[in-house]
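Chain lettering (A, B and C) follows the sequence in which the chains are written, and residue indices restart at 1 in each chain.
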Amino acid sequence: MRIGLFVPCFIDAFYPNVGIATLELLERFDCDVDYPFDQTCCGQPMVNSGCHAEARATEALFVENFAKYDVIVAPSGSCVHQVRDNLTAVEQTPEVKHVRENTLELVEFLHDVLKVDAFPWANFPHRVGYHDSCNTLRNLGHGKPSELHGAYFSKPRALLEKVAGIELVTIDRPDECCGFGGTFSVTEPEVSAQMGRDKIADHGRNGAEYIVSADSSCLMHQSGCGARIGAPIRFKHIAEILNGATQ
Amino acid sequence: MSTNQPDPAATIQSKTATREPQPRPAKAPDGKRVDHARSAKQFLNAPEHAKSHDTRVWAMRTKRDKQAHTIEEWEELRELASQIKTHTLTNLGSYLEEFEANAKANGIHVHWARDGAEHNRIIHEIFTDHGVKSVIKAKSMLMEECGFRHYMDGVGIEIIETDLGERIQQLDGEDPSHIVVPPVHKMRSDVARLFAEKLGSDPENDDAHYLAGAQRDATRPLILDADAGMTGANFAVAETGGFVVCTNEGNADLSANVPNLHVASIGIEKLVPRVEDMGVFIRLLSRSALGSPITQYTSHFRGPKQGGEMHIVLVDNGRSKRLGMDKFWSSLKCIRCGACMNTCPVYRRSGGLSYGATYAGPLGLILNPSFDAHRYSNLPFASTLNGSCTNVCPVKINIHEQIFGWRQVLAEEGHLPWTKKTALSAAGKVLASPKGYRAAIKTTNSALKHLPRWALYNRMNAWGEGREMPTPPEHGTFHDWYKRNRLSGQTKATTGSDSR
Amino acid sequence: MSARDDILGAIRAGKPAMNAPAPAVPSYDDGYPQDREHLTALFAERLTTMGGIWQAPTDGQNLDDALQEALADKLGKPFEDAVIASNVSEVAGNRGINENDDPTTLHDVDIAVLRATFGVAETGSVAFTEKELTVNAVAYLAQHLVVLLDPAEIVTNMHRAYQRDDFAGARYTVFHTGPSATADIEGVLVRGAQGVRSLTVIAATANA
């Protein structure tokens, strides 16, 4: 299985450690991983603003870069949702369909495809509030959202529970949106920041030392809010923890 | 005289009494876009009101969850409700005809109105024919859509809201901010001040029982004196020609049964085929809205009372047009429960009035643009697309996907501000070019690294209003790291993220 | 073209061209108690949650006494002064209700006594039609409502309720679930909003 690694633009620019951790983690499981050097973006910023035509060239470039891989893995729920569900500005050729159907987010790849049952190198002796991003939870089905009636399950927590020393805390509003929402964060800055502060406060009062998520965009927003108010809480992407980061 | 209520003469001010003035977001002038973000900011600048609102509305979501999680067949009920509505809407013409025929056979007068203006004129005519001067009414979002009360004000017919929440809003000259709990944005001290001014109650007594009692006492004589009563309808049953109204106060039953003339405004999408279908909807409605198994009153009207007269006005007002919209017609399944508003984190923090339209919250985002695309073109962007609304909707409308869909429609029809369109067009070009993209990242990170704080954080930087900017990584981007560590034929590192 | 024609025409022209059959609706009441005693107990529990009062009269107690016991401390006036409009043969009352009465003449009724057609255990609801009410408005203008309910007429849930034919025959059918209520003012639950301040259900087998 040849894997193409997609490192989203904001991870590339601001959180390269997440990309590095993802690559190293996949290599620990003997995956054959390639990083297409000319990749850019999945088209989400334009598409989420309704500008599909403006996203066409970017989407085409994405497909061009990743068509030759069996599976495309990305450490980003929002980007994977965009590719799987909304990459519609380009003509839907068999190549495009192949890319769309085989793009997976990291957690679902580890949980559903590799079916990882241990992370022997991992050790994170801290209290962690896991943040279910709305994209991973409701669009990619990472777990049972609190609104629905049904048996509880959570793929990311199932993975994190295999990490030595980790203590997962439960918060008051388990899956309320943190307020990033893409361009929402700049078109509705007050509401967005209020939601971010509320989210951090919820984690804080329930004892979390770290907020961990599979979406760096949420973490970028929450850490920005946290830094502004001087909240002592820290932020980490799940890839880094599963890859053995200790803090 | 009230008995199981505190002595009205006593002054009781609760611990939550606040001197914070009630936030009143400015209304967008005619022809202008509603600026949700600005109104939301005004709401958040009244922190006690904002906190009270968020807490209270979240409580409704929590109560709803309790019901949903204890009913084994909950998800099946949602699916049934969705299928019944889909079936009805795809056969709407036939069901409307069946409904009308049965209603007429029961002695009900049936009128049709293409839009709000026609609705108002028809009812005005009915009132004129009967010499109606004062009308008591129950809550109806359809009548809000039609601007009914404003029209009646203009022709000198007095309309008295009997629902406590709607009456509060009417006396305050404000629109309802939530479709089920109209004054949910108000704190009790706001109501105390309002009632003191309008009803002569004690301004220092903000006890909810006292205030509700004051409204009951003030409204009862108006109910007894009214010439006509009006209700909306939650459901219209084709099989019987009857309609169903759900309230907690019993005010719809007072409005319908005390005067001899009952006029009901019913949206054409309210149809359900059979009486038996009501079991599904009644089990879902109040649980989704307020987290109670059923409303205190569930009333089924099939014909005028002895010696009375009953009229129904079936209203289109854009519904048939929406039925023809491929991506949006399923919004007509809506049973107006308000669960989407309760769960929406944006609604809870911005307050319903910030949407500047009849419908607020997620429902508003997908309905309002169909009434006026330009005025409401910002609304679909007042969302993080988190999808919680879709999950609580009892009829399984894919609300967040329709919000996404409206963004595309508005962008393609030229309703985006040109600054936004230009920026996104530019972004589209940069992101489609590997070289352009690399250059942009370099510039951004350089700016973040080198610009002084005052240059980074100012009015032009919306991100920086409430947040710190991300820090540029010390050793460059992932792309740089990959180039340095992997492209030159180096072997993979297996010791974690230390090698760079 | 009339508005009716315009609207039906627009609907027929635009409606989605999909085949969406009406689903069969199950009754979902397998989990309910099968015996009368437990079903009645469930009804009473649900009624109480919704703010209603359940009264099982003690053996031999006549209904007039049960009424007084239920309401004496709620009226705000001596029980002898209460205006009682009774629509049931078991309670005499002191104010008659006639079909052609102007509803507004009932504004001073303190207690209305009615018999429910049936009850619903799922929600603790009681049902009336215009037959049980005589004047519909009496159930809303009265300050307090007392309802006689024959436990044999309690159905399991709302699905079963809507399978009955009352809705097809009556002009007005209404479920009352507890007294009038509102939480419009800061979410504080207030009973006796616009309608009755209290609703008491007394178990009483119907006379033939």
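The definition used in the following text is that a residue touches a chain if its C-beta (ideal position, glycine included) is under 8 Å from a C-beta of that chain, and two chains touch if they have at least 3 such contacts.
Model, not experiment: these values are computed from the prediction.
Peer 1: Would you kindly say which chain has the C-alpha centre located farthest from the C-alpha centre of chain A?
Peer 2: C
Peer 1: Whose C-alpha centre lies nearest the centre of all protein C-alpha atoms?
Peer 2: Measuring from the global C-alpha mean, the nearest chain centre belongs to B.
Peer 1: So the centre of each chain is just the mean of its C-alpha atoms; given that, what is the distance between chain B and chain C in Å?
Peer 2: Taking the average C-alpha coordinate of chain B and of chain C, the gap between them is 30 Å.
Peer 1: Please report how many Å separate the Cα centroid of chain A from that of chain C, as a whole number.
Peer 2: Inter-chain centre distance comes to 52 Å.
Peer 1: With centres defined as the mean C-alpha position, give me the chain A-chain B separation in Å.
Peer 2: Roughly 31 Å separates the two chain centres.
Peer 1: Give me the residue numbers in chain B that touch at least two other chains, ranges are fine.
Peer 2: 72
Peer 1: Where in chain A do residues touch at least two different other chains?
Peer 2: Answer for chain A, listing residues that touch two or more other chains: there are none.
Peer 1: Which bits of chain B are touching chain A when the two form their complex?
Peer 2: 36-37, 40-41, 44, 50, 54, 58, 65, 68-69, 71-72, 74-75, 343, 345-346, 349-350, 380-388, 390-392, 404, 406-412, 416, 420-421, 424-425, 427-429, 431-434, 437, 441, 444-445, 462-463, 465-473, 475-482, 486-487, 492-494, 496-497, 500
Peer 1: Report the residues of chain C in contact with chain B in the complex, numbered from low to high.
Peer 2: 2-4, 6-8, 10-16, 18-23, 25-26, 28, 31, 46, 49-51, 74-77, 99-100, 103-104, 107, 122-123, 125, 130, 136-137, 139-141, 157-163, 167-168, 170-188, 190-198
Peer 1: Could you please specify the touching residues of chain B with respect to chain C in the complex?
Peer 2: Where chain B meets chain C, its residues are 1-5, 16, 52, 56, 59, 72-73, 80, 83-84, 86-87, 89-93, 96-97, 106, 111-114, 118, 162-165, 168, 181-184, 186-188, 191, 208-209, 211-213, 216, 219-220, 223-224, 237, 239-240, 242, 248-251, 253-254, 256-258, 268, 273, 275-280, 282-283, 290, 292-307, 314, 316, 320-321, 323-324, 326, 329.
Peer 1: What does chain A use to touch chain B in their complex?
Peer 2: Residues 7, 9-17, 19-21, 23-24, 27-28, 35, 37-41, 43, 45-46, 48-58, 60-61, 86, 121, 134, 138-139, 145-150, 173, 175-177, 179-198, 220-221, 223-225, 227-228, 240, 243-245 of chain A touch chain B in their complex.
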